[in-house]
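Provided herewith is a single structure, encoded as structure tokens, for subsequent inquiry.
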Amino acid sequence: MILNIACLALLTIGVVIFFGAVIGVLRFPDFYSRMHAAGISDTMSTISLLTAFALFQLHDLSWPNLLVVGKIFFIVAFISLTGPTSTHALMHAGYQRRNRPPVRKQEPDEDMT
Amino acid sequence: MEDVFLTTGILLFILAGLVLLRVVIGPTAIDRIVAVNMLGTQTTVLLILIGILFHRVDMFVDFALTYALLNFVGSLAAARYLLRTKPLKDTKIIVTEVDRA
Amino acid sequence: MIWQFDIIILGFLLIAAILALRETDLLSATMIFGVYSFLMCLLWAEMAAVDVAFTEAAVGAGASTVFLISTIYNTKRKSSD
Amino acid sequence: MTITEFVVSRLNYWIYVILMMIGLFAMISKKNLIKKLIGMSIFQTAIILFYVSMGVKEESNIPILEHNIAHASDHAEASDHGQVEEIRAENYANPLPHVLMLTAIVVGVATLGVGLAVVQKIHQEFGTIEEPEILAKIKSGHG
Amino acid sequence: MVDQYPAIILLAPFFAAIAVSLFGSWKNGLCLPMAIIALGISLAASIALLGQVAAEGEIVYLLGGWSRPFGIEFRIDPLNAMLLVVVTTVALLTAVYSTQAAVLETPNKYPQFYTLFLLLVTGLLGMSLTGDAFNLYVLVEVASLTSYALIAMHSKRAVLASFNYIIMGTIGASFYLLGVGYLYIKTGSLNMVDIREILQETGLYGSKTIMVAFMLIMVGVWIKMAFFPLHGWLPNAYSYAPSSTSCILAPLMTKVTVYVMIRMMLTVFGPEYVFQYLGWSNVVVWMAVLAIVAGSIMALAQTDLKKMFSYIIVAEVGYMVGGVWLANETAFIGAFYHVISDAFMTLCLFLAAGAIITKTGKRSISEMEGLFRKMPWTMVGFVIAALSMIGIPPTCGFFSKWYLINGAIEAGHWGYVVALLFSSLINAILFFKVFEVAYFSKPSHGQEKDENQPESAGTDGVGEPPATMLAPLLITASGLLLIGIFNQDIVILIRQAVSSFGFIGFLN
Amino acid sequence: MYSILVFILLFIVWIVFSGKFDWFHLTLGIFSASFVTYFSSDLYFTDRTIGLLERLGQLYRFCRYLFWLLYQILLANLHVLRLALWRKGLKDVVPTIIRIKTRLQSNYARYVLANSITLTPGTVTLRIEEDILFVHAISRKAAASLDGEMERRIADIFERAKR
Amino acid sequence: MKTLGAIAVIITGALLLYASEDFPAWGDPHSPASQYRVSQHYILKTFEETSVPNMVTAILADYRGYDTLFETVVIFTAGIAIIAILRGPIDKRVRLRLASEKKLRESNLILAQTCRLLVPIIQLFALYVIAHGHHSPGGGFQGGVIFGGSLILLAISFQLQTALDRVSEKKAILLAGVGVLIYSGIGLVCLLLGGNFLDYSILHNLLQVDPITARSHGILGVEIGVAFTVASIMFAIYANLSSRGRMKGGL
């Protein structure tokens, strides 16, 4: 029962946070800020939703289920590893090309014709 | 409890639809990539949710994990592309720089 | 099958497909095609086709998108239609 | 149940036809070669959608045996068929379309890859990937 | 080992392809011998299989040892046994021919070329062997992918042609796949024989789904074989491809697809459904008439030798489709006989064209002056093929047309007869135009041009092509005569197959 | 030495993945783990001079750091949520780029710092150039949260010995 | 072209919609396709006959193993085809244009570190997917794509050369050939032992197990072959497409 309530609470939190992230992505003025909002969904919302799933999985405590929980936490770990990295990569790309000369002077389509 | 998950799933889908809206309007490619990346993360969550609805989470975790890992490759490739090429058209972004030691 | 999801995903699929083909910036088109591909993945997961969904997840996220992007990189990004 | 019957029972088939036609239209009428290939992918996935849709059963689960069934008959004697009777066909989605579609996805990726390689080669040779421009170049004797 | 022949036929080129890809880049010289040996084994096995089938009737080979509806099986009846012999023979001859051509045209891609070549042969063999509707799709894709690559390997224009082929080929294959899906949703089976049994037993003839499935499969197959309104991809693809590629593709791809159509019509849907229940034969035969006429007229308008041949292929496809759809035994025999003879005729033409193009570097008909003097043996082969195309008696082209016309008369379809005669006339005009240029025009003008052509400006000018090019050409040419002379044996075999389809009780 | 460590780590991961303990799957696991170790063990532990015990200590401190980070993420999330959801929030969106000079020496520590900054919504690392981090912050408050606390904690994890 | 396309699309679409009226309803468990003995047999008897709980894997690699063999061949063909299409004379201008590459590598510390962390895990996961195709979704193809994805990730986050140092293009094609050879070799061994091509149950003498387990092991062997091919070909395709077949520079 407690598990259910905790699960429910986490689900609600997750959805609400995701809602906030979506609103942010829609409302913020430029893509840098939107990326911050996208970061929310990458971290908190995913973590709380996945934790809720993991808790639900713990309803019947058995060895395979524990491993599933382990895998879910692997997913959390990976998302919190890949999320920032891709955010950074995108930001970097956007920033790099705006403020400094592009790395390749030529457009790739010009050289072969 | 199942209904709760179902509702959560539907809510997430509707919200994902809003993200899709950003993909539609997003003026630059980066906006779209950001939104797509976000949808990718959400797909991972939804996959596990579907697994719960099927009562077979152990089967669905695997490719949720795959999705989490490989979605990264796609957005990285896009970022790399943007890094390597001239932009299609420059967007105006107001940024103030502050120095801080 | 979970028909509630089914209806939603099918609607999104249509939007994504039309968008991917209407977009003139090929990089954006590719990204929208990525959306299309993972909607497909969800659709198959929802229709209990786990292996197909797995393959689509691996292919759509890992392979197709990257191939398309690398081709755009080597050709050009703007499309006339 | 009535909603299910009314809305859901044919929706998949309708959507697959629409998707397929979108893809087909793009393949025939788009000028950009990469667009054509994207259309081709949509076309192929629509077919996969059709196949997977027909493997669905209402109350079915994924076509992997439940642990307990598999486990139970692991311990049973080879000649004892008592355990295996627990498997009920209605409980599992039809696996055959899934198998076929795995192959079709693979074929789709392979075709996409080859198509993209050809597009790159075309770009190398003609300097453009728009069909009218290429045809104009051929006509003007450049190609 | 005797009962393993079907597997051996397929596996020999398959393993050779893998071996070429593994060792080919290490030693380029290994590629060709491996290919030839493998194709030789395959040819021997397919001849043995043909003998076996002729003696025992239909052979079923279960892959994986699973019985009929559950696994995949090979079904070999006299028709596809003959087709196997044709495929392996053509492949072997082309492989010998490619010794020179592949070096010249695809210099730094030697192992890749042979891998793809052998995989193409594997795909074609598999297409003709298999008894499973879905498996056919996979093998069609193997054959198509290899041919896309083989075409695109060469020149500038070929790449664009290959792209169009990819688009059209994918549409075709996908329609086929969809048709199989429609069949599956109503029958629940993928095995060809099984599907026919279910269709007959459960009275599905009236189903709209089955009808649309049939239409989809037919359209898909027609796109792949370049039946007239859907032929758009073929001429460019075949004429701009490297010569050894077009030598293998042009004879085999369309013919094997015609066989696939026959198999779909007769084995999967059954003649009663196709001819009696649907009763579309008249429409399709008229389409075939259109294809023949249009193909011939378009061939007339061409100045490029290979392109002209390509349009002739479009017309020939019309012959075969029309012959099959005339729905009587004589016409069917004519059609299948034409499949066999046309494979060799086309091979012969393309071998000759390839030899001419490699030696002189010229593609246009008007530039072929004095070829009879310069390369007499090549032209002998060319003349035999041309005569066979026109339909002059000792060659095989005559007999196929004879049966086709007889069948058409039997069916009372005079439009087809007229189209066939018209096409023969056009062929005659076309080839005599070539002969005229090549025999009567003065070579002096041509030699002057030769010095501007660096590739062909050897010390001895333009002479005969090397033996590896000439020998396949002459073998094929004599093969044309042999097939013509021994036509009765082939007809008997076809008749045997036709009777097993239950085609006879079914004349209109 | 280190490849054995990598092997053991990978094997543990395998067990979590696999969840089957019959000899067949364990053998497969040993095989797979050793294959991956052979194939790409050079990607792990670039600095192979650090002792094993030190690594364990780092791991422990890193776990402790994670909890703190989680708390920070929560706070930052609330902040960005407020920006997104409140009507007046948009006024506070003042994109700023901050240049931070870090004291962290090793690449890995810098990486952890950069990723932690990105992981807390509101701040994203734009670029690392040697010891200078360019950080993009969405608002002044988010910018103010980069007060060096995080860096101190990371330094505490990875570079305690060096100081 | 547009009107032609529209006409073709409308005709085909109308035809397809016309036919779908006749379909059984979506999700109908009594549709002919689900009721026919093929599907029933696959669901009910697969475990008994092959001892593989995942029906899809069993059908893919055993009942319809011949299909899968050619599916692998399709992938293999695609790899060879792409090399054959894109390879041309080496372009010397490439070196000049990409002189700035080394700097790029250093400036992307975050990417590099994340990939260092992820790549081995992805590879291990790929191997897990291959090995556990019997019990959970996945198998040779999926695992192969994931493994290929890890190499692609390596190539994207460092540079193409880094990945090519591990698996060069030649090696990739070689491995792909080996993969197909493993698959067809298992089939050939079956043939040589006296069974039909791909009849794994005949392997039981060789492996010293009962025929049903032999099928299971045969399936595993086949999956490994598929994985080899798919992984290396996916990487080879990426390497070729991203660098236009020149194996230098690239995305």
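By letter and in written order, the chains are A, B, C, D, E, F and G; residue numbering begins at 1 in each of them.
By definition in this document, contacts are C-beta pairs under 8 Å (C-beta built on N, C-alpha and C of every residue); 3 or more make two chains touch, one makes a residue touch a chain.
Please read all numbers here as calculations on a predicted model, not as lab measurements.
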Shortest contact path, subunit E to subunit G, counted in steps: 1
Per Cα centroids, the chain farthest from subunit C: E
Greatest separation from subunit D - chain, by CA centre: F
Rounded Å distance between subunit B and subunit F, as computed from the means of their C-alpha atoms: 21
Subunit B-subunit C separation of Cα centroids, rounded to whole Å: 12
Rounded Å distance between subunit A and subunit G, as computed from the means of their C-alpha atoms: 28
Distance between chain centroids, defined by C-alpha means - subunit C, subunit E (Å): 37
Overlap residues in subunit F, where contacts from two or more other chains coincide: 17, 19, 95, 114-115, 125, 127, 136
Residues of subunit D whose C-beta touches two or more other chains: 8, 11-12, 18, 20, 24, 53-58, 60-64, 67, 96-100, 102-103, 106-107, 109-111, 113-114, 116-121, 123-124
Subunit G residues counted as touching two or more neighbouring chains: 16, 20, 23-24, 26-27, 31, 33-34, 38-39, 42, 54, 56, 60, 64, 67, 71, 74, 77-78, 81-82, 85, 104, 110-111, 114, 117-118, 121, 125, 129, 135-138, 141-142, 146, 149, 152, 156, 237, 241, 244, 251
Contact footprint of subunit A on subunit G as seen in their complex: 93, 97-98, 100, 104, 108, 110-111, 114, 117-118, 121
Complex contact set, residues of subunit E against subunit G: 4, 7, 11, 14-15, 18, 21-22, 25, 61-66, 69-72, 106, 108-109, 112-113, 115-116, 119, 122-123, 126, 132, 134-135, 138-139, 141-142, 145-146, 148-150, 152-153, 159, 178, 182, 184-190, 198, 207-209, 211-213, 215
Parts of subunit B lying in touch with subunit D, wherever the complex brings them together: 54-56, 59
Of all residues in subunit C, those that touch subunit G in their complex: 1, 3, 50-51, 53-55, 58-59, 62-63, 66-67, 69-71, 73-74
Subunit C - residues contacting subunit B, complex: 2, 4-5, 8-9, 12, 15-16, 19, 25, 27-28, 30-32, 34-35, 38, 41-42, 45-46, 48, 50, 53-54, 57-58, 61-62, 65-66, 69-70, 72-73, 77-78
